[in-house]
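One structure is given below, represented as structure tokens, and several questions about it will come after.
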Amino acid sequence: MSTLTALARARAAHAGRAVPITAVRHVHLSDEPLVLIPLMQAGEAAAPLAVMAGTDRAAPQLLLVAQPRNRDQRFDFLTRFAEVLVPYIAARRQHTETVEPTKNHDEWERCTDAPQLILPNPAGVEALRLLGRSARFRTVDGPYPVDPRVPLLGRYLTWFADDRAPMPGSGVCLALTSALSQHWATGQSALEDQHLPALLSWIDPPEGMSGAEAALLAEDPDAVPPAGPTTDPAFDTGVLAPLVRAQEEARAAQDMRAVAKAEEELRVALAAQLEPTWQTVWRGIDVLRGLPAAASDKPRWQVDRGRFTDFMTGIEEGLPPQPKRPSAVAAARRLADLESARQSYDRSQAIDDPLVLARYRVGGEAFAGRITFVDAERQEIKGKRAWPRPLVVLHTQDEVILRPGVKLASPARVAQTVRLRAVRRGEAGGYEVELELQSGMGRGKTPEEGSVPLVGEERCYATFLAEQRGTRPELPETDKTPWTHGGPPWPHVARAEDQAEEWH
Amino acid sequence: MPMSPSVPQATASAPAPAVTAARLDALRGPVPPRSHDARTIAALTVNPGCSRRAVLDAAGVDKRKLAERIGFPARYGQSPFAITRGLAFEKQVKADGCTALLELLRGEPLHFDVPEHEYVDLGVEPTADSGTPVTVDRAGRYERTRRLFARVAAGEPLLADHPLLRLDVGGRTAYVEPDVVALSARPSGASESAPARLYVAEVKSFAVIDGQADPAKVGAAATQAAVYVLALRRLFAELDVDPRIVADDVILVCPKDFANQPSAHILDVRRQIAAVERQLARLPRIGALIADLDPTVDFDLAVDPPEAQGESGREHRSGVELGKSLTMIEARYAPECVTNCEMAFHCRAESRAAGGADALGRSVRDSLGGIQSIEDALAVADGSAGVGSEQHEAARLLRAAARAYDEALRVTPRVAEPEVDV
Amino acid sequence: MSAAASRSTQARAVIEAVAADLLSRDHRGVIVDSPPGAGKSTLVVELSGRLAATGERVMIVAQTNEQVDDLVARLAVAHPTLILGRLTAGDYEVPERLAPLRGPNLAFSSKLPELAAAGVVLATAAKWALVKEGEFPWAILDEAYQMRSDGLLAVAPRFADGTALFVGDPGQLDPFATVDTDAWAGSPWDPSDSAVAVVRAHNPDLPVHRLPYSWRLPATAAPLVAKAFYPFTPFDAGSDLDDRSLTFSARGTSGTSSADECLDEAADTGWSWFALPAAHTVRTDAEAVEACAALADRLVQRQATAVDRAAGYERAVTPDRIAIGTAHRDQAAAVRAALARPDRAGRGLTDVTVDTANRLQGREYDVTIVLHPLSGRRDATAFHLETGRLCVLLSRHRHACVVVGRAGIADLLDAHPHAEPVRLGVPVKFPDGWAAHQAVLAHLGAA
């Protein structure tokens, strides 16, 4: 953890209220997100108990499974879940915009919007991932036939929770606790921040209460039900188990009126568990919306829209479902995607947000100060040509631990690479840093207007902003996987086995 | 002179073991000690630096009850659904003399060479007349386990269900029950002449999906299994049999994917065995730890029966007294304690009340160097307090952080342009 | 036969066995594990020549430009008739030491077709990954344990029908990714795993050889490094105790300077521990940083001389023969700042190499000073306990190593929790960081 974040936590603990660690919002918020709060049955891998879902905070839909261990009921639940999710996604597939062709890509149509799921916490996203895994290989025929929307739902959920949620900077599937703790430091630990009601209490405490007090109250599962997907064991013992049993007994006795009554009681009980979290999630979204969106929000969401388009096109073109485990080539591609997304997300946050940049300053990867000297005329003769190489001196109070030769860039002019030539102790404290401008000054012999900083200007320079984005390595085609990685994988034929996969 | 990084030695000032045992009994008061089991032995590896927990465990104090008495009841508990599911799965694996388990070992992908076994259930009394099975006392069950493994060592292929093993934990005998079995087998590819080894099998009801399970759960299962391996090895050592007869690998049996179908996985638990052994070896140091304790410290949770009907029983120690005793033993609190120690909520409240940086988590504590309290850190950061030479760097970083943060608040961020309707 | 002669014979036998396995073409690949300083580069240089002598082209893959350039220089000297091609990135500048070698037998180019005349082509893994065409019958992958599986996948098509030699040190730092890679844990396709791990997972029958002697580590160091970091693959020092010595022209100011006493001990025994009083500190602990700089300073002021009778040298331990190793970059920066103090700079101390373990991998010095990764810490993290990190730091020296740290490391290890998450199918890594740290501490304390 950076010293800055540690200090922010200490300040929050002292103040009894969370402290912002960003100046702007770095996660995209859709105008119409779909909030999902899943509850799962304890002790089972992927037995859904209920989900509260909706795009309208005033009208949540509650879907539930009366007996999570009953396969038919579970399929029925997934079908109803699909009835919520599929139209939400389809609505975002409708409108597209034309993207001009580039060197590597023909002209194409990109969706003008993309879906956005918001879950209370990362465990909720994991629950979706497991539901997606359990549903995407189901088929409409075979030993356990299902509604055609069930495998589709499985593929959608896999895309959200497995493909996109781990992708840095993607906003199509958000865990609210992660999004909130990315923007605020609380006066408790990161572990305790995973509890949504407690975290939100620190950020947005109720009237007349400190965040610390409110968080303590919010931790009591009797007063505030946990945000799922696991239920409170005391609720399972005291409420859920008797209701499930009553409902089962009624079914066994074929007393349909008693079944209906038991189911209704179950619905009421689960709604009571979910309702507070529903309100908390929407309040969390409000709090996030209170922050202005970062400048990079649009390009990031545009990437999400592009990936959404690709994914939908793949389904429409009849591609098979996402495999259980990727091939060597697919895994390597995926890692490259993840790492480059990480790099560009880190960069864009630092460029947009001075508070994020401040963390790097304290960590010694950046420094900020005032320009005290500029030699804009300076040139370097290389071969037959003279190149502009202006010299700039910056005075900073930051501890400069970088070595001569290191490349830097400033958020004020990211495309301009600067080389650190020397660092001297300033006479009046701090450091004098001598910098040579190397690029981003146009093509002429003299720098373009405005491309050289002026004396008196405040500038920040950081190492990671100058890091080259690595060229993507050339990976072999999957069917040409070399012997080092086991040769070409077996073609995808596992449908029969997947169909027969037992499901209680 | 260069100093050597000596390992702390408890022996120098440690009192005799009998003195220690007497003091530990006195600490607990006139209630029977909570005995260790595999779970609590495994837990020794979780926060070994905490003196408070070490003393309470060594004295056999019921931490759960203690936490309740001082007003910080621990909220642990398992859902009845999870319990039912766990029992059903275990029953399924062990049905018909563990048929399913043996099939798993012989089949894909393990291909163990498992001879025909005689199945012996040590958890039930062998009854001549067909009455209902009777569970027997622990010492007797241990004795029978011991006799059975003597036969195993002699080469008889036996599959032991519900064996009861013993482990010396800080001078007190703890019984542990591998919830399953030890059986002899040869791993695939081993030569005919290679000796068959005994494997401990652990049945867990968490799912393995596409080859992966929750790493925290697998880790806990591995440590628990390591306790069984150790106990089993000690038993063979007592029998004068080479303890290496017990394999370093254990077999983890879990439901596969979304079905109830069991699947078997090999876990190499050498690191966990080493970790548990290390903690068991450390336990004698408790003597030095309690020798320095204030004589007034005790955790007597006993309650005398009420003298008259309608009255409540008389507690030997009030909650306040117990809490005071607790504060006299140093805790090493970290937020992760909540997941594995009954005293965690008390320690958290204590740390928060004292303004300790520990309450903010290990990584925050780390960034603050040796500065222990939140108020000190803030005073150093705003320049209103100085520090000793060891904290000089921490202070510099904190001041730099405060300055960078406050400066950044004055800089305008780059925000998205508002949507324009066209 | 003398001990020295017997060691050379054994080492030679390993090289011959590797060559025989390769030239037989019975296997698609051959793996050579090399402990620190065991002659890995010598092996690569010799085998490059022998493979090229078959008349078929050899590609050599190393991880950094510096490593590639080192190999180019050594190959040019060892095989003057061999035509070498150095494949480079666009912005590569030929280093000064290679400039004189440039000529008909050493060409530099950023395009493979321009190096068609070369019998041996060398480049970094990153550069090879961008090459789309061309196949080589022979490939040598150096520092293969530091190469990531996905990096190997990108270069492997260049030798898909050939035979490859994987050389590396399994005890050093593992490659890492900047994102969470748990999704692939336990899968043989984990793209963040090391190249050797993935090759072995898919080709379990490849022959594995091990170089038996460390020619770098002195007899005082090899046993500890082997025991702590290579518990199942032991190796010995290639030299005897009395082959090496470290002496000072200027006597220490005995009784007053703990730095001098510490250096004397290191000169005598090969190791010493410079203890600072126990305290919890941030990682750029000013006192520990100053101690590292002061030790280097005294080493230079006292005019140390290093002698290796077997290798036949007697040389002054000049600042460029000294390295100071740290775990973190900011620590290295702080030590550099302490060495740049005017009086020290005047004594040439800015020429001392100060770097993190990651950057010291593969390098060699006469004397090293190590800031212990756990010094001043309250808790150990996986990063600080990583055996590869400590192993790199403690295996860079030919004569002596001084470890600087706060007292209390033993207590920290003692209190370290062992509740590790476990991923199914991931082979357990040995040695355990905890155990390796304990072994090292015990040795330093006993010294």
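All chains are identified by letter, namely A, B and C, in their written order; residue positions are counted from 1 within each chain.
Heads up, the rule we're going with is that a residue touches a chain if its C-beta (ideal position, glycine included) is under 8 Å from a C-beta of that chain, and two chains touch if they have at least 3 such contacts.
Computed from a predicted model, the values in this text were never measured in an experiment.
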Steps needed, at fewest, to go from chain A to chain B via touching chains:
1
Counting C-beta pairs in contact, pick out the pair of chains that comes out on top.
A-B
Between chain A and chain B, what's the gap in Å when you average each chain's C-alpha atoms?
34
Inter-chain centre distance, chain A versus chain C - centres from mean C-alpha coordinates, in Å
38
Between chain C and chain B, distance of the C-alpha-averaged centres to the nearest whole Å
38
Where chain B touches two or more other chains at once, the residues are 211, 366-368, 397
For chain C, residues contacting two or more additional chains:
187, 282
Residues of chain A touching 2+ other chains?
3, 325
Touch list for chain C against partner chain B, complex:
182, 185-187, 258, 261-262, 265, 272-275, 279-282, 284-287, 376-379, 405, 407, 409-411, 414-425, 427-428, 430, 432, 434-435, 441-442, 444-447
Tell me, which parts of chain C touch chain A in their complex?
28-29, 126, 129-132, 149-154, 156-157, 160, 164, 177-181, 183-184, 187-192, 195, 198-199, 202-203, 282, 329-330, 333-334, 336-337
Of all residues in chain B, those that touch chain C in their complex:
1-8, 45-50, 208, 211-213, 215-216, 218-223, 252, 265, 267-268, 270-272, 274-275, 278-279, 282, 332, 334, 340, 362, 365-370, 389-394, 397
So, in the complex, the side of chain B touching chain A is made of residues 75, 77-86, 205-207, 209-211, 255, 257-261, 335-336, 338, 352, 355, 357, 359-361, 363-364, 366-368, 374-375, 377-378, 381, 396-398, 400-405, 407-409, 411-417
Could you pull out which chain A residues touch chain C in their complex?
3, 166, 168, 325-329, 331-332, 334-336, 338-339, 342-343, 363-364, 401-403, 470-471, 473-476, 480-487
